[in-house]
Amino acid sequence: MNHRFGFYLLLAPLVVWLGALIIIPHIDLFLTSLSVKVRPRVYEIGLDNYTAFFGEPLYWNTFARTALMSVSATALTLIIGFPIAYYIAKLAQGRLRATLFVLCLLPFWVSELVRTFGWMILLRETGVVSSALQWLGLTSGPIEFLYNDAAIMVGLVYTSMLFMVVPLVTTLDSLDNSYIEAGYDLGGSSFAVLREIVIPHAKPGIVSGCIIVFMLSLGNYLTPILLGGKDSLWFTQQIYAQFITRFNWEQGSAFGFLLLILSSLIVWAGLKLTGQTLSKTVGQG
Amino acid sequence: MRKTFAEFVAVDDVDLAIPSGSFFSILGPSGCGKTTLLRMIAGFLQPTSGDILIKGHSVLDVPPNKRAVNMVFQHLALFPMMNVAENVGYGLRRRGMPREDIAKKVEDALVRVGLPGSGTKRISQISGGQKQRVAIARCLVLDPDVLLLDEPLGALDLKLREHMKVELKKLQHEFETTFIYITHDQSEALVMSDRVAVMNAGRFEQVGPAQELYYQPKTIFVAEFVGDSNKWRGRVAAIDQNRVTVTTAQSGRISGVAAGPCSIGDDVEVFVRPEAVALSRDGSALQTMANHMDGEVVSVLFNGAASRLLVRARETGDEIDVALPQTGEFNDLQAGQSVSFGWSDAQTKCFVIG
Amino acid sequence: MKRNGTGLRAMVATAAIFALTAGAAQAEELRLLTWGGYAPDDVVALFEAETGIDVSVTLSNNEEMIAKLRATGGGGFDLAQPSQDRISGAQEEHGIYKPLDLSKVDSSLFIASMLDGTKKNTEFEGEVYGLPHVWGTSGLVLDTAKAGSVKDYTDLCNADVAGKVSYRLKRPTLIGFAFAMGMDPFAAYADPATYEDMMKKVEAKLVECKPNVKAYWSGGDALINLLRSGEVVASMAWDTGGWKLNADNPDITFVAPASGALGWIDTFALPAKTKNEDAAYKWINFVMQPEIAAMITAAAGNFTASKGADEFAEDALKARFQASFPAEAIDNIKWYPPVPAGLEDIEGDILDRVQAS
């Protein structure tokens, strides 16, 4: 009796957290997404909000664009993050290792808004990079680096780097050096060792890092808004517009739900493609 | 050849030649530099000075993945993400060999190490002994000039280790590849090797066949490290050709042979193997031996064939380790009983200290 | 999604809980949902000294005000300050406001014409929901030395300012362009079909104009940075932004466009579940006093509907106002009529398509 009581007491924060902050809001969101406005203060139940997503090319184009850019950002983060993680896990020693880790953490000591404004100061036409290039005589006039998809990419990769590096360092750390040496010793080139030994071993870390980065990029709002150009469309922006500027909470809720489902589908497809399971990657990462 | 790490000299002026096709062991305590030496041969480390020649050609400029030298790692380092056949075929794939040839060679190698048809098993599914064989097959399938083995038996239990010693020797014989085996376990080195190098503090103390190391140690370190010995400290009292008489601290006198040049008054250490000591219940039987004394049994350390006696000499009070002869005569020996014991001067090695 | 959907709701709900408990614990509190500059610290301090009521200020904008109040059914705040054109529509759809008791307000403090206009515009089912507070306009903020050719919204598409233009992708831009193109969107408010046709023409113009735009601005600070650095020389923005920049760089100022500046009035409105109505009325009567209203004008940069407050306003601000608004420009101000429910959807689609083009 007593034992069981203690068990439930321990479980309570989790249940409250899951229930109050995740499950109940999602049920609410789902119910809202099913109501269709007939006229002011009169609603009906229906799927119109969902069919609107597929009926309006703008909406699913925006989603496709967001997903594609998030995938690219994830790939880029992996390509940049892997050597960093490899260096931290396998080559750096003691103090240097800790320093590198802190450097990865550093951007998170300020808020996302400040980080993004930092990039704006660097990239804008009258900004640091453009001025430096002019000063060096590499360009004759100012260059605008901001307000395009490349700027969004830079912002997303920068924001996500830590979430890629940490799981990678963890898995690479667990790879015994003798495997790498054996790979060389038996005639493997650096590339072969990387492809046949290091990457297969790091796969769970790669996959879990990619899932986190993909979800973070997909759900990012500030970076695409502030760094993106006039053509930049981001799905979260659509949701915000539906909720806030168009007062169409029903449509916004449907978009929210679709984002949840579609992104889960993409992650699922990614797991299938790489032959991983969620429990394996999350357990390891 | 020499290797230094910052201030520390790990391998100091080691010079050796290993005949092709032999089983060569490097025996030494941990930290003696034997792993460093092995890694230099494998190519993971560059010697600070000196050269490494394989079949007469220097390999200093050859990176590890191009050297005809392969290594069996201490923990084997079998790739867990591949099955047995993929592990064995890894090196062949790197050489760009056609798929069918690889399959044939891999199965061939597995047959030769006694694991036919195990190719599709995961590494986690096979036993420790089988892993050893896969690790060796993975190297030997590449026909290396030299196979390096870094204490690969360390992780096995005693019984399997004994078995694998024999197995390894057999494999080496079969493949006729040069094996360089490093270990801190003297029995592994002695059993398997054609020649053994005893290494200490970055230097080779003595290189030779196992028997030579055991019967004719050239240095105090070898005498102490290889096999067990009774040891006395003393001073040379008399010299007759290579025969010396030593006075020990307990004022006993021991006759023996000098392992090197010495003169009267030198401080020496005297070594006698427990199995060189003869035992008798009747003192007169040992009168002919150069060293003989009476004493009593302090304790019997029974361990089957390797049983020992601890006896105390009556005159000097020295405690001496004696191998218990398994002839049946001494099976009822017990602590407190009187015994006589003695050994020949030829079995007594005297080393000058310093 | 989390951020904007459930997160927002959860945040609002938590904020409401905190506000409720805080309200219960303290003697008296006025929770004000307003714009930046409308409740400056010095005014709040004077009010607290006079009445003993604590004022907690939440800064917001029109859209977020409606979203916040909608999330709680009109709770969490005691007084809100939405623009007058956004009250009756929101009330019709969501019922988030409460009718005002005009007897509790000292109407002599208000400029009569503005009070009457706002009452009329915020009427819903025979009740009045809003009283005027701060008013201002939006139009063009230009670097007059570099963008001399820009006289109206549509001139932002001129070749000589290409790549140095910025405006918001929001409804004022649609309305402004419609006027500049010779149409009257306000007259079409009541007829969604006509309005939609009109907006489609605006859409075509904005799409055509897109290459001229450097970036669509989303926050006032971002725009001010763009103008100050010279990266943008012509923009569509609020009058106060232009006047603020004018203080630093005399070339940059607010210009009323030829087709007329768009006039807005921010109001006082009671949220449906206000907990401290008395304090809300006290605040209204307090800040409408001319001296206090002048303090708000100094902080917000805009004039108020307080009668006689002009006397106390800064001369520099008055000078800038007069420079931007010759007499005929004041007459030409297009005041926003109430937005009928549902128009936002039409506009939203247009804005989406402009961005996607």
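Note that the chains take the letters A, B and C in the order they are written out, and that residue 1 is the start of every chain.
The definition used in the following text is that a residue touches a chain if its C-beta (ideal position, glycine included) is under 8 Å from a C-beta of that chain, and two chains touch if they have at least 3 such contacts.
Source: prediction; values computed, not measured.
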Among all other chains, pick the one whose mean CA position is farthest from the mean CA position of chain C. B
Core chain by centroid distance, with centroids computed from Cα atoms only: A
Between chain A and chain B, centroid-to-centroid distance (C-alpha), Å: 57
Inter-chain centre distance, chain A versus chain C - centres from mean C-alpha coordinates, in Å: 35
Can you check how far apart chain B and chain C are, centre to centre, with Cα atoms defining each centre and the answer in Å? 90
Which chain B residues sit where two or more other chains touch them? none
Complex contact set, residues of chain A against chain C: 21, 25-26, 28-29, 40-41, 58, 61-62, 124-126, 144, 146-147, 219, 221, 225-226, 229-233, 236, 238-249, 252-253, 255-256, 259-260
Of all residues in chain B, which touch chain A in the complex? 42-44, 63-66, 69-71, 73-75, 77, 79-82, 90-91, 94-95, 138-139, 142
Considering the complex alone, what residue numbers of chain C touch chain A? 1-6, 8-10, 63-64, 66-67, 70, 90, 92-95, 170-171, 210, 213-216, 218, 222, 229-231, 341-342, 344-345, 347-348, 351-353, 355-357
Please output the residues of chain A touching chain B within their complex, sorted ascending. 176, 178-179, 181-189, 192, 196-197, 200-201
